[in-house]
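Once you scroll down, you'll see the structures, which are given as structure tokens.
First subunit A sits with subunit B, and in the next complex the same chain sits with subunit C.
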Partner chain A sequence: MEIRKDMKGSELTVALEGRLDTTTAPQLETELGDLPGVKTLVIDMEKLVYISSAGLRVLLKAQKLMNKQGAMTIKNVSQEIRDIFEVTGFNEILNIE
Partner chain B sequence: MNNLIVKAELSNLESVNMFVESKLEEHGCGAKIVLQIALVVEELFANVANYAYKDRADSENNYVDINVEFAESESGAKSVKITFTDEGVPYNPLLKPDPDITLSAEERQIGGLGIFMVKKYVDDIYYEHSNGKNILTVVKNF
Partner chain C sequence: MFSKLLMKFKSNITLQILTGVLMVFVLLTGLVCVIGYVQFTDAIEDQYADSAYNTARTAAYELTPRFLKLNDPTLREYQMKLIDIKRNWNKLADTQDATFIYLFKAASDDVTNEYSKVTFLVNVANKRTGFPDYSAGYTITQTDSRYLRAFREIYERGSERVEIAVYRPEEKYTSGNHITVMVPVHDHLKNVIGILGVERRMEDLDDVRSLYLRHVLIFSAVFLLIVMSLYGYYLSGKLLSPIQEIASEAMRFARENTRAEIQLADKITDISEIGQLARVIDVMEENIVSYVDNLTRVTREKEQIKAELNVATQIQADMLPRKFPPFPEHDEFDIYASMTPAKEVGGDFYDFFLIDDDHMALVIADVSGKGVPAALFMVIAKTLIKNVAQMGNLSSSEILREVNTRLCENNEADLFVTVWLGILEISSGKIFASNAGHEYPAIKHVNGNFELFKTKQSPAVATMDGMKFREYDFELEAGDVLYLYTDGVAEATNSHDELFGTDRMLNALNKFENESAQEILTEMKLAVDNFTGDAPQFDDITMLCLRYFGKDSGGKKA
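Let's look at the complex of A and B:
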């Protein structure tokens, strides 16, 4: 999986490409860390083709952190991934543009 | 070849996925079904890789057997049956309570989400423990 990070002031955009699964989710968890100095986190899923529960776990962790220090938005979500968010109730806890 | 036997290690997830996907494509499964089955396969394979042989000292026999079979009814309804067999600690994932997916982010527990997704995406799922083996079977219509 490709992870591209772009920090502008206190806004961090993280673009994901490929599959966020049990083998790649730890990579994203490491890249995000505890999001020091981030007030706005944008996760761009335009090129993400797959997400499993391991990926959802990392998103939940980021959402919890950002609830304390700012806001998190997810954008460019494909219909396939939107379905997965709906099945798991993640559409209720994530802010999906 | 309807089955693949690999060591129960996460590094084998990609080969397991490729094996199952190639079978599904041979049988004309659409992209949506392929994606949903990939999720099911990942969750079930990761379960075995992460837990089944955890307390086993010898790593030689840490295998998982993935069997894929197709069926077609007289009316033309197609289904795929995927069976995971391992000889790890007896474990029935179906006994895990479903997570409460209406809770807020703060209250959310991530445990059990994987098997919950599996149950949502298959049409039938059953578990048996027999001859020292965990045998988990899922059926998906397409």
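Let's look at the complex of A and C:
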């Protein structure tokens, strides 16, 4: 799992690559932290191949945080990941482009 | 015997070092002997040579220019002079311990071009030696290259003094060790007209040299003995006993694995490498002991946690209904469920309970994450769902909405749970259900195949406060089968990283005909296990199966 962060002003773009599962989710959770000073959070999933419930939990946490301090968007979602979002109902919680 | 000695030698460092020192010392002594011997010989030889040279100078005075000029043994005057000279030389030889004093000429040989034709003019032998005098005119051919070289030195290069030392064992040769000094004899024109030689025995040379050797050897031996004993004592104190101390401590430690009563560094205060070794071993022992202590404690704690987890596993298992058939008074359906956690405790759960006489709730759920946090959340979620559902008269969506609100109240860990909740109207086979982010159920209608029942999903429970949940309904006919599962089934992974998948799952389900719910789940678990093989189980595997017989079936399988 590779995480690339790019902060431009108050906009943080996080690009994920690989699998976001039980093993790698804590890594993303640590990387995101409390998202200080972030008004816009963009998560780029172009190279993400899998997401487990532990990964969804980290996204949910970030979404809740961003609901208070700005907005969060998820972009470049592959069909496989989109299916996971749909089955779990996360497409209704997360803002997916 | 020899190899035993060798072993003993090899096992004793002091002995080895001392042997090395001894060898160096013997070598040095040998060197001193050789150098001393050579120097000594040179010095003594020089003394004898000087003495012989002085004798030669004195003897040369007797050779008056007149005598040399006469140079004719037939002349009376020459003969008289010769007798004079011989008498004086005899005295000289006697007082100066010369063996021979002689005057000769050496002429060049036409063939070899060496001064090999020697003619004696005067020859005196010391009376005590018993050698005869050569008479005047006695001629020999000299072949000894050293003499030939000496003659050339004098005749051609103008040497004033030439020495030849000859070493011969006394017991074989009467002449023994001797030295010959030769000086040129000139005429009044300074031409070399002859050579005066004095041969002198070096009678004390052997004695002095052997005395020297004896002294050197005795002194060396005594010195060596003293040095070796002192050095050996020093070594065993400084080297051997500390090493033995370290070795025995290391052996003790290997045996007992405990801290030493007295640290090595306190016994060996040396600052050399041995002292360093001692201190390092102290540190190493300390580290190993505390490491082992630590390991023991951690292991004990781990054991304790494991024991507690075993209890937790049991408690969790006890929370799930495990009595089959659960409701013997209801013969309208056959139900079975199972949960296999990946870790000691899991986040999956199933549940089924009667809300009233005609309604039974069916639940299958999966808490995000695994292990203890998921298990604790699972306990809350399961309890809430059952409590809320049993308040009665609530639809599946209303139940989930209430549960969601309560779970969201305190959810700092941001866990959530996917839930499929269905309420079966036992009499009709109608099911009202809500799917909060859970896997699609598989349904088999009579004479049909198992198929995923896809509906529009609602978000998982506990994700967002105040959410609403969708609801849908379907009907089970007599003989229909409902199969609920968690992602542990669909996402079971083999060692090639392949997923079991819903296709394989449906294929496996469709092989069944009229098997009981329990048989179906047992076989399904086997199918998953066969697929994953040796690969470890990553996720909890939970399944629930309901076969509906209908109100009028009388509980008999159709």
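Here, the second predicted complex is superposed on the first by the 97 of 97 C-alpha atoms of A that agree within 3 Å, B and C clash if a C-alpha of one lies under 4 Å from a C-alpha of the other, contacts with A are read in each partner's own complex, and residues count from 1 in each chain.
Convention: contacts are C-beta pairs under 8 Å (C-beta built on N, C-alpha and C of every residue); 3 or more make two chains touch, one makes a residue touch a chain.
Note that the coordinates shown come from a computational prediction; the quantities given were computed from them, not determined experimentally.
Judged by the touch definition given at the top, the superposed model places A:Leu56 against both subunit B and subunit C.
Counting the residues of subunit A touched by each of subunit B and subunit C gives the higher count for B. Of the two partner chains placed around the shared chain by superposition, subunit B is the only one that A:Glu80 touches, whereas subunit C remains out of contact.
Of the two partner chains, neither subunit B nor subunit C is touched by A:Thr30.
Once the two complexes are laid over each other on the shared chain, residue contacts for A:Ser10 go to neither subunit B nor subunit C. Note: residues 22, 53-54, 56-57, 60, 64, 87-89, 92-93 of subunit A belong to the subunit B contact set and to the subunit C contact set alike, using the contact criterion stated above. Against subunit B, the residues of subunit A that register as touching in their complex are 21-23, 50, 52-54, 56-57, 60, 63-64, 67, 80, 84, 87-89, 92-93.
If you check the complex, the residues on subunit B that touch subunit A are 10-11, 13-14, 32, 35, 38-39, 42-43, 46, 101-102, 104-106, 108, 110, 113-114, 116-117, 120-121.
Across the complex, subunit C is touched by residues 22, 53-54, 56-57, 60-61, 64, 86-90, 92-93 of subunit A.
Put simply, subunit C touches subunit A in their complex at residues 366-370, 414-416, 418, 435-440, 457-460, 463-464, 487, 538.
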